[in-house]
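Chain IDs A, B, C, D, E and F follow the sequence of writing; residue 1 opens each chain.
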Amino acid sequence: MISYLLLSIPTAVKMNGFACLPSFTASDFFFGGLAKPGLTNNSLGSVVTPANVMQIPGLNTLGVSMARIDFAPGGLNPPHTHPRASEILFLLSGQLDVGFITTANVLVTMTICEGQIFTFPKGLVHFQQNNGNVPAVAISGLNSQNPGVQVIAKSLFAATPPVSDNVLARAFQIDTQEVDEIKSKLAA
Amino acid sequence: MISYLLLSIPTAVKMNGFACLPSFTASDFFFGGLAKPGLTNNSLGSVVTPANVMQIPGLNTLGVSMARIDFAPGGLNPPHTHPRASEILFLLSGQLDVGFITTANVLVTMTICEGQIFTFPKGLVHFQQNNGNVPAVAISGLNSQNPGVQVIAKSLFAATPPVSDNVLARAFQIDTQEVDEIKSKLAA
Amino acid sequence: MISYLLLSIPTAVKMNGFACLPSFTASDFFFGGLAKPGLTNNSLGSVVTPANVMQIPGLNTLGVSMARIDFAPGGLNPPHTHPRASEILFLLSGQLDVGFITTANVLVTMTICEGQIFTFPKGLVHFQQNNGNVPAVAISGLNSQNPGVQVIAKSLFAATPPVSDNVLARAFQIDTQEVDEIKSKLAA
Amino acid sequence: MISYLLLSIPTAVKMNGFACLPSFTASDFFFGGLAKPGLTNNSLGSVVTPANVMQIPGLNTLGVSMARIDFAPGGLNPPHTHPRASEILFLLSGQLDVGFITTANVLVTMTICEGQIFTFPKGLVHFQQNNGNVPAVAISGLNSQNPGVQVIAKSLFAATPPVSDNVLARAFQIDTQEVDEIKSKLAA
Amino acid sequence: MISYLLLSIPTAVKMNGFACLPSFTASDFFFGGLAKPGLTNNSLGSVVTPANVMQIPGLNTLGVSMARIDFAPGGLNPPHTHPRASEILFLLSGQLDVGFITTANVLVTMTICEGQIFTFPKGLVHFQQNNGNVPAVAISGLNSQNPGVQVIAKSLFAATPPVSDNVLARAFQIDTQEVDEIKSKLAA
Amino acid sequence: MISYLLLSIPTAVKMNGFACLPSFTASDFFFGGLAKPGLTNNSLGSVVTPANVMQIPGLNTLGVSMARIDFAPGGLNPPHTHPRASEILFLLSGQLDVGFITTANVLVTMTICEGQIFTFPKGLVHFQQNNGNVPAVAISGLNSQNPGVQVIAKSLFAATPPVSDNVLARAFQIDTQEVDEIKSKLAA
């Protein structure tokens, strides 16, 4: 792997947790994995294909990455956060309901169409849903080479080890039986 | 209000959204609002009292803040994130179950006692619960003068305008009736 | 206009040179201007349509932006730099020769096809050229809300006031008559 | 040891001078060393117990730390700086005279009581003194995992090798005999 | 005044506490005040002439500044810190004993001659002394447009209002009479 | 090699691509290589001698560096950028025409004399030329320990592998024969 600063430094090192190579080629800055649609035949009807420093070694220290999001009709990219990045989404095709929620619990939402852009501030919960009849595809830019993603429902109800029923029941004001049902469905 | 850089700059300005005063006194760097216990007679049995740039004008540009968290026996500071800060918590009294969830959906959790410390990485979902028989009190340091807080359940089920039932039902794999029940309870 | 930090701050302020509004709507985070192809009927056969804080007020403090680049067959986005951003480019359609030059004067270059990604480190000279027979369209993510662009040939040979013939002649090892010819063409 | 970014990266690396482990447990984010009072039976009547990345491996890259400061009656935490952090101090018990000095040589000072907060801007000389009749205890948050501390008198009069008498005599406008007396006392 | 970001932004704003003008000229990036020697006929035999954003409006947001330091024979630039900058010093003429003290109280020191460079890490106490028979002149680069300076002896013994005799006496292990003598000399 | 953070950390590590030593001496913060004039007997009549982390191991993490620039009469430091630093230039002797070009293609230029300062914003194309009859010498401060330099003409016309004639011909509106002539001269 290679990093930006290393473009002028001839020594092998490690940075940000990624090994850096003493030499590099154009392929270290290239990725072809977003060319094809991701499979959306899952319970949510959506899939995210990342293009960050895990896939593109040359991104190390560059502070930017991308992702492709495919949506079946009705597909949902469920509420999630990126702990280390803001996001700017360009809708390649289809139609999406998009939204983020502020720290004052205000939902900022609208419907966007092909070719339109919406932005999601760093660290805030956000989601996108395809309410159209055809698939939708989006490309997002993120200002971190390793933005991270935390899908809210999964992180709370399908963590390992599990978050206690009591914590979840009180947080969502449901009973522990309902918690267990959600857990069993999200673990599937 | 006053900011750090202004300590040597004689002009009135605004920075980071906060007005800066051309002069200042020690009281701009002081706050007494954490001295008394917060009231925990709410449904969660916990309350957070912040001490950030909203309360302490002199914190502007200093990149640090605090908060006091009071817990009744059984009280829960429910799953939440700070989009702009890591947190380090010192337990003044009592006993807490603490935990955060990684982007790989791993729950990192333990029980801490009086005088002990636990840390929560920037932007990750975390919570604390008092499983003891006496009240618990914690003091947290955060590396932002304006860390922000997003309480997960409230932000999803009690936003204004509301997040659609359909998004929440699919995200948590529950039916819309259950969504409405949670919404009505969390809005109360 | 609105900024990220203001999502929880009720005061009108200015930040990073952009006025911030005390209230905001979803449209402050939206932009529709990349939906249609830009006109490529110019001497270079390419056009860049930006989507940064100038177009999207809500991007202020978010540290990210986008741009759409349209290329006629043979069109060139000529050598340029972004003084404040790294770039990650996704090719929507067509085929591009892409390249950047390191501080060691190494050209890092390859040909990318529809759906493929290439990255350009912050501040380094780079370019893209459509060597195909059909138009090409790219979407780029940049890690600044105000990345800036400096087109090398224009900045040197079409600045106001002009860079002296002598500086340009010596830098490019050409005579001043050649400098004047380039100047007259690039000024057109 | 472990770092924040590594929560989603499966490779062993080193960052910021700290080794990172490929796996981690909750104990990497925990510290119990502030639970008991530090011993204040020294010439200054105060002691600082740190809780930073040296004690808590998981703090690496998190940008935050804590410290406990114990004061005997009359005890002084003498003038010092943190080259890499601002500080926010919460007084657990007792009463303190606190102060920092600006770059314009203005002393910003006041007396704080149990439960009150005072803040110290990054890099500025500051101190705390217990002018009460009972011990005082404070907990500080700092916005660096490795804030560093430079105790002014010790750094100038007890450095190894020593700062020359002449430099210190001129800086403090004392004679070299007085310098030597201070040196001998502070070295003790 | 003008700032870097404003080079492409046509609106009048304020940033970092400095007003920004909607237009600018080359003189906003120029300063002639370091051309002549500063007067060293003071008790320390040295004088610092700054060239930062206070003198050069265009430096706002650029993150760099300079200073000229003139030394009479024997002149001392006494122990001080820059809370917001590292420093790299180039000796124009003469000879200097230079040193900084680490957070481990290690003095890092040497003698440098004309044309030589020494560096001082951000926030650490450092000093320079001309032990030669002729004047010395140095030019320093600092990585902040507003580095700030805190002269240790002055900040402790000549602050307004004064730091209490008791604090200083205990910190330096001297009696309050000696404190008062230093105070009276440094206030002069 | 050694880094700033390591001043208080006893472990050998690597940071920013530079190895760090567990111990260090003053010489790690020293450099003597700018004391003598660089040789200007080249086609441009100028030479830059760097003093950054490559030459001064102790600069690692300090975020600052210097360079000496020598100019023969008529000598030109040709248009170039620093992708990672702003620059502040102090003219030791002689007279220089200096300039930078904004992202709006405005040339900001003036003539400076001995002892005067001019500044160059991060990432923007800039140059200096000695239009006097005697040699000129400048010392620059830069706000990065590894600022990098990209000489525009060299990077475009003398890269390895070469930038295609077609790209350069279209960018500069010249024919490919002229491109080849420039390439052959700049490769010399």
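Everything that follows uses one rule, which is that a contact is a pair of C-beta atoms (placed from the backbone, for glycine too) under 8 Å apart; a residue touches a chain by one contact, two chains touch by 3 or more.
Everything numeric here is computed off the predicted structure, so don't read it as measured data.
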item	value
Count of contact steps on the shortest path from subunit E to subunit F	1
Farthest chain relative to subunit E (centres taken as mean CA coordinates)	A
Fitting subunit B to subunit F on CA atoms, where both chains share a sequence, rotation angle to nearest 5 degrees	180
Chain whose mean Cα position lies farthest from subunit C	D
Approximate Å spacing (C-alpha centroids) for the pair subunit C, subunit D	46
Subunit A and subunit B, separation of their C-alpha mean positions in angstrom	24
Centre distance in Å when subunit B and subunit E are each reduced to the mean of their C-alpha atoms	39
Numbers and ranges of subunit A residues touching at least 2 other chains	7-8, 14-15, 99, 103, 106, 109, 121-122, 124, 148
Subunit C-facing residues of subunit F, complex	43-44, 76, 78-79, 81-84, 97, 99, 101, 103, 105-107, 109, 121-125, 127, 129, 148-164, 166-167, 170-174, 178, 181-182, 185-186
Subunit B - residues contacting subunit D, complex	4, 7-8, 24-27, 29-32, 34-36, 51, 56, 58-59, 62-66, 85-88, 90, 92, 99-100, 102-104, 106, 108-110, 112-122, 124, 139-144
